[in-house]
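Following: one structure in structure tokens, then a few remarks.
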Amino acid sequence: MYEFFRDLDRRWIFLLMFLAVSVPILAQLQFPEKPTGLAESTFREIDDLPPGSRVLLAFDYDPASEGELGPMATSFVLHCAAKGHRMYFLALWPVGTRMIEQKIDSVLRADFPHLVYGQDYVNLGFKTGNEGVIKLIVSDFPRAFPADIQGTPVSDIPMMQGIRNLLDLDLIANVSAGYPGTKEWIQYAVTPNPSDIRIVAGCTGVQAPLMYPYIPSQLPGLLAAIKGAAEYEKLVMDRYGHLVHAEDGRVSGIYAEGRRRMGPQLIAHVLMVILIIAGNVIYFVGRRREARS
Amino acid sequence: MKRETLVWTIVFVIGGVMLLANAFLRGAGNQYVRVDERAFVNVGTDDDPKWVNAGSDDILDHDAATISADRRVSWKTSSTVDARVWAEAERADPGQRTIVFSLSRTVGTWLAALFTLAILSFLYRDNPFYKSAESIIVGVSAAYWMVVGFWDTLVPILFANIVPELVKGTVMPGISDSPAMDARIKALVALVLGALLLCRLLPKGGWISRWPMAFIIGAFCGLRLIAFLHADFLSQISNSIIPLWVVDPATQTFDIWSSLENITLIAGVLACLVYFFFSIEHKGVVGRTARVGIWFLMITFGAAFGYTVMGRIALLAMRLEFLFEDWLWLVDPAGRHAIG
Amino acid sequence: MQRTVPLLIAIVCGFTMIVSFFIPAAQRSGDDVAEIFNILAAVAFVLGGGNLLKIHLKKVSDQAAGWGYSLITVTAFLLTLCVGLFKIGANPADRYPGHAWSGEYSETGSAFWWIYEFVFKPITATMFAMLAFYVASAAFRAFRAKNTEAVLLLGTAFIILLGRTYAGVILTDWLPDSLSGLRFENLTMTIMNVFNTAGSRAIMIGIALGTASVSLKILLGVDRSYLGGGRG
Amino acid sequence: MNSPERLGRRAAACRLIPIVSVLVPGLAPGLLLVALTLPLLALTRPLLAAPSDAPPAVTGITAADRWGDGGTAVVLEWTVAAGAVPEFFMIERAMSEAEVAGDLATARLERRRAAQRTAMQAVLADRGLDDSILARPMAIEPGLASRLRSVRAEAAAGIDALPDDAFDVARWMFVDRVEADAAQTEYRFVVDRLVRGESYRFRVIPWTGTAAGTPAEAAPVTTTLEPVDISRLWFFGIALVFCGAVVAFILIARSGRPLRVRRIAGLEAIDEAVGRATEMGRSVLFVPGIQDMNEMQTIAGITVLSRVAKTAAEYDARVEVPTARSLVMTTARETVQAAFLAAGRPDAYNEDLIYYVTDEQFGYVAYLSGMMVREKPAACIYMGMFYAESLILAETGNSIGAIQVAGTAQPAQLPFFVAACDYTLIGEEFFAASAYLSGSAEELGSLKGQDVGKIIVAVVLVIGVVLATAGAMAGADSDLGRTLAAWVGFLRDTVLA
């Protein structure tokens, strides 16, 4: 028995890992999520705003990180729509516009058909210039975005009336996969105006460690990787899930994407932990046997 | 050995039959595309063409009836759509031609799935499927980066500055035919160095290829020396200049936790630096400090390991989702294939 | 001659780059050198690709062991090269419909795109995904509490791994608020902000010094091994 | 306000009606009203924006080229009257003729397109058609097409006839926003990222709440180029001290004085690994990372290869070097050939063992994994820049039971090498490896120079931290606290900038 585990063929471990990831996908396993502090504070930042507040949704990511960030973006949009906030979409990444359109299609047009473009949400599209754009909209929004993605001047868009600069918006919700992203929003928008601009963000696992220094004073809410996405998704769906149920009670799969992707993640992490423990048990048993002999 | 071969053959035959049945009975793995036509009309002369998009308002400024067919150009583009979209279009208008089945992309999806399986099979042991996939990727990727280097570097930076007329007339109609002087000089220098580099192929005089290598290594040594000292060295020191006595700005009282954190941070940086010290053997006080330094490094490594694991599992999950969702249609959580 | 001239070239180029950093008029020279390097690297594909062909064709002609795989490599290489260099299946750019060659070589729908999408991407992505298996096997095999260093390494990884799942939340959620610093999520934060920052800072300072020192040795001609000579 | 501008605004008002009604058919009437009033609001905006509480204009504004740079920055200075300090200032730059002309051309084109669309929609509406047929313009019947052609020409001519000032094109471009402080009356701001040798005009507008004061414009200023970048002088000094220390120790070593350095465990392992490979009759695999020759880690890896190859030549072991870059292959061949020559075994050198695989990271890894499993090298040495492939290589190497020594300065990959290899050279140790392996006194001298660098870090760090701590203990409001904070600021922003 001990010998078997000591000389364990690593292919058994590979098989376990394969099962740990594939079974939850095939079974569409979902686990309960117990949202942690950061996801809750992200939720509260958006939820505590009075209905009709203005929320800037900055989608700075691309299809490569869609796996981790897509569910966050979906939940942000759903949450804002459910609360009746006005949504201002923009992107500092060129392909960000595609991500915006995708979420507008799959969430707003599909489940909130009563929302009106130009009144409840507007897609301002992509603007080149990285942090320069952020600096500019902090003081002069219409100069950076004189028109929306279809070229309609902002003066003709009802919900853009009275938007002089970023300080006129109530919250920034940023989904970020790198540069430019959350770090730049914090450095150039929040840091100079700590009392006027608030931001919550969702970012990839690789990015997350770099964001911790900003919590909580500059960054009150952070969703880190797929785990953060799943927790926030749960909070939003628990409170507002009834709004997106179809007549037959079915819910579109996109609203469970985060928790679904967390299934393989959780099992695989637990497997990793078990493997570390098992490895050490074998090591110590082996040491004791050696000592005895 | 014979017996093993037989077992594997049976496994593959049964698996293959099931895959084909899944494909033909359920349409699993089928790919559909939306076809769009792009058409342009030359409203200028043959020598000085002026092209107008036949799908835009601008074409209305010209009398289309008078433009002969040989002055029109058109081609089709296609973009992948979900099977559900195709099914809906078919239901609305049977036999429609805008959203159609794509054989090349369906074959591609199958090929991609088989390659995925071939690579994964290496985990069991080395085998002909893995070897084939490996041979293919070595050939394809070497050529891929050569093509990228040709079209993205050689053509726009080298050729466009050395033979601008030729490049403008063929592949990059948008460039200027009189490039800036400094761009030309740069391109010429690169051309000469490149030619020297290729001297390696000559039977004699291969040593001359050391010149361009010396240029590269020398120049980058200079650049990196400055860049690392300027960016990493100075900025890391600058970021570490923090007070060990932290006062909470809100309450104006001593903040013991933040102070402890800062003290640990500075002590950690200094201890790690002692570990990297080469002049003194790691004994006595220095040895003990270096030991603390190594502890900090180990915690750093543990943290990086833990954080990276999460992303790696997500990568595997994405690959398996491709197999189960896009290829086999075993699961359909987002309702992409649902027909009916 | 064979060794002195290149050494002089390296020294002159290196010191020119250093000096130009302090002279505003020359501060862009680093970008120029980078551009020239890119061109040289692209030219060098001739050497690399030629070598690849030479090795595999030799195997094929010798009928050496596994020559069939070499044949596959050569075929895949030449096919991709032709498809990409001749822009097969790529349409002209919308702005220049009259120039058949003006299109993007990797345009969606072109043959080169097809190879990228259905051959290159799945194989490289799966190779990348293999890491999930290897981290598991490394965790089982290498994370053993042999000494203090190993305990710290695996302990930190353990906390972070657990803290990133539901399991971690359950394990420490009962802690009262006065001990909230010990909850996995807060522990993670302290590890990242204090220990990880200290460790990475020292590593980065060390790397900067090491890089500068190696550069200097080369520019002073102390280390000439890159020229295939000098002391060794 | 002149009449053409009114005309322009009215044209804009006409244009937006169809757009809005397309968007929200149900709400069209209400929105129409909004849409019609918006341009009016826009017209009255200048009137609303200058209420009586607008802050007074700034005085004494000057713009000067910043000395000691590449002609990329201008220093603006201005003052405000005490007691009338606004909330913040907006800095603006006058746009150049070319910029204005470009914007104007774009605006004209857009306006023309919109006017033509509107005119066409009117024609179509008369015939009871909607504008969906415009999606396929080539299919429109000739009679209608010719009618559309004529209204398009009319509309275009109408827009072309408008003078330039009918277009609302900005003449000033936003640069930055400067927060004001009630206790401060003199302000200084550096406008960066300008073009050398250009003439610039700047203006400063004070703002309080939503009210803007009158802009104050500075005299035009031309950016000039200076021979030396003075902002980098401190850095020059620090670099000089460090490089001087390295050079000094190399000279000391040359003079023959013995230098002592500590041992590094991983390095002895390299010779051992090559020896073991020889005994077992198997090869040594050397991987110089996946980056090109412009990366210092690759160069450092090649210098280690040079020693490995020499040892291998002496032991008569086989060293295989697959590379991911063509230039690395070229350089590695030179290096190994020379090493065999130096070891007195030029005949044993085989060029074909150093070969190019592919530039693609995972293609290279796929090849290496397969090759390692098939050829089972006895020792695997990884020295250079690595990314995600580090663990794939190290785990595969482990599975075939090879001795593995790794060295990299890529912090993110160190954990994987540390976990899976027998020995790992961490960061700076990796760069020191070639000096150790060569055993030459000169190269060991350079390591002493690096230690001087570490002493500089420690000294500066301790001084800075002591100053910052003393400042914090003295309190930010005390004079001492302020002075110390200023010193820390000088250290961080000027000396270490």
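For clarity, chains are labelled A, B, C and D in written order, and residue numbers in each chain start from 1.
Going forward, a residue touches a chain if its C-beta (ideal position, glycine included) is under 8 Å from a C-beta of that chain, and two chains touch if they have at least 3 such contacts.
Keep in mind that what you see is a predicted model, and the values were worked out from it rather than measured.
*Asks:* Using the contact definition stated above, find the chains touching both chain C and chain D.
*Replies:* Under the touch definition, chain C and chain D have A, B as mutual neighbours.
*Asks:* Report back the single chain whose CA centre is most distant from the CA centre of chain B.
*Replies:* Ranked by distance of C-alpha centres from chain B, the top chain is A.
*Asks:* Across the interfaces A-D and B-C, which one involves more C-beta pairs in contact?
*Replies:* Between the two chain pairs, B-C has more contacting C-beta pairs.
*Asks:* From the mean C-alpha coordinate of chain A to that of chain B, what's the distance rounded to whole Å?
*Replies:* Comparing mean C-alpha positions, chain B is 22 Å from chain A.
*Asks:* For chain B and chain C, let me know how many angstrom lie between their CA-based centres, rounded off.
*Replies:* Computed value for the inter-centroid distance: 11 Å.
*Asks:* Once you find the CA centre of chain B and the CA centre of chain D, what distance in Å lies between them?
*Replies:* Using C-alpha averages as centres, the distance is 19 Å.
*Asks:* Where in chain D do residues touch at least two different other chains?
*Replies:* In chain D, 242, 294, 296, 299, 327, 330-331, 334, 356-360, 362-363, 366, 411, 414-416, 418-419, 426-428, 432, 447, 450, 453-454, 457 touch at least two other chains.
*Asks:* For chain A, give me the residues that contact two or more of the other chains.
*Replies:* 10, 14, 17-18, 21, 209, 225, 227, 265, 268-269, 272
*Asks:* Please output the residue numbers of chain B that touch at least 2 other chains, ranges allowed.
*Replies:* In chain B, the residues touching two or more other chains are 119, 122-123, 131, 133-134, 137-138, 140-142, 144-145, 197, 200, 210, 213, 216-217, 220-221, 224, 226, 228-230, 233, 237, 240, 266, 269, 273, 276, 297-298, 300-305, 307-310, 313, 316, 318.
*Asks:* How is the touch graph of the chains shaped: line, ring, star, complete or other?
*Replies:* Per interface graph, the chains form a complete graph.
*Asks:* Tell me, which parts of chain D touch chain A in their complex?
*Replies:* Per the stated touch rule, the residues are 12, 16, 19-20, 23-24, 27, 31, 34-35, 38-39, 41-42, 90, 110, 170, 174, 176-177, 179, 210, 399.
*Asks:* Show me the residue ranges of chain C that touch chain D in the complex, using the header's touch definition.
*Replies:* On the chain C side, the touching residues are 21-25, 27, 34, 37, 40-41, 44-49, 51-52, 55, 120, 123-125, 127-128, 130-131, 134-135, 137-138, 141-143, 153, 200, 203-207, 209-218, 220, 222-223, 225-229, 231-232.
*Asks:* Of all residues in chain B, which touch chain D in the complex?
*Replies:* Counting only chain B, the residues touching chain D are 39, 54-57, 59-65, 119, 122, 125-126, 130-131, 133-134, 137-138, 140-142, 144-145, 197, 200, 209-210, 213, 216-217, 220-221, 224, 226, 228-230, 233-235, 237-238, 240-247, 266, 269-270, 273, 276-282, 297-298, 300-302, 304-305, 308.
*Asks:* For chain A, which residues are in contact with chain C within the complex?
*Replies:* 8, 10, 13-14, 16-18, 21, 31-34, 36-38, 209, 212-213, 215, 225, 227, 262, 265-266, 268-273, 275-276, 278-280, 283-284
*Asks:* Can you tell me which positions in chain D touch chain C when the two form their complex?
*Replies:* Touch list, chain D to chain C: 69-72, 225-229, 232, 236, 242-243, 246-247, 250, 292, 294, 296, 299-300, 302-303, 306-307, 310, 325-327, 329-331, 334-339, 342, 352, 355-363, 365-366, 388, 391-392, 394-395, 398, 409, 411, 414-416, 418-420, 426-428, 430-432, 434-435, 438, 440, 442-443, 446-447, 449-450, 453-454, 457.
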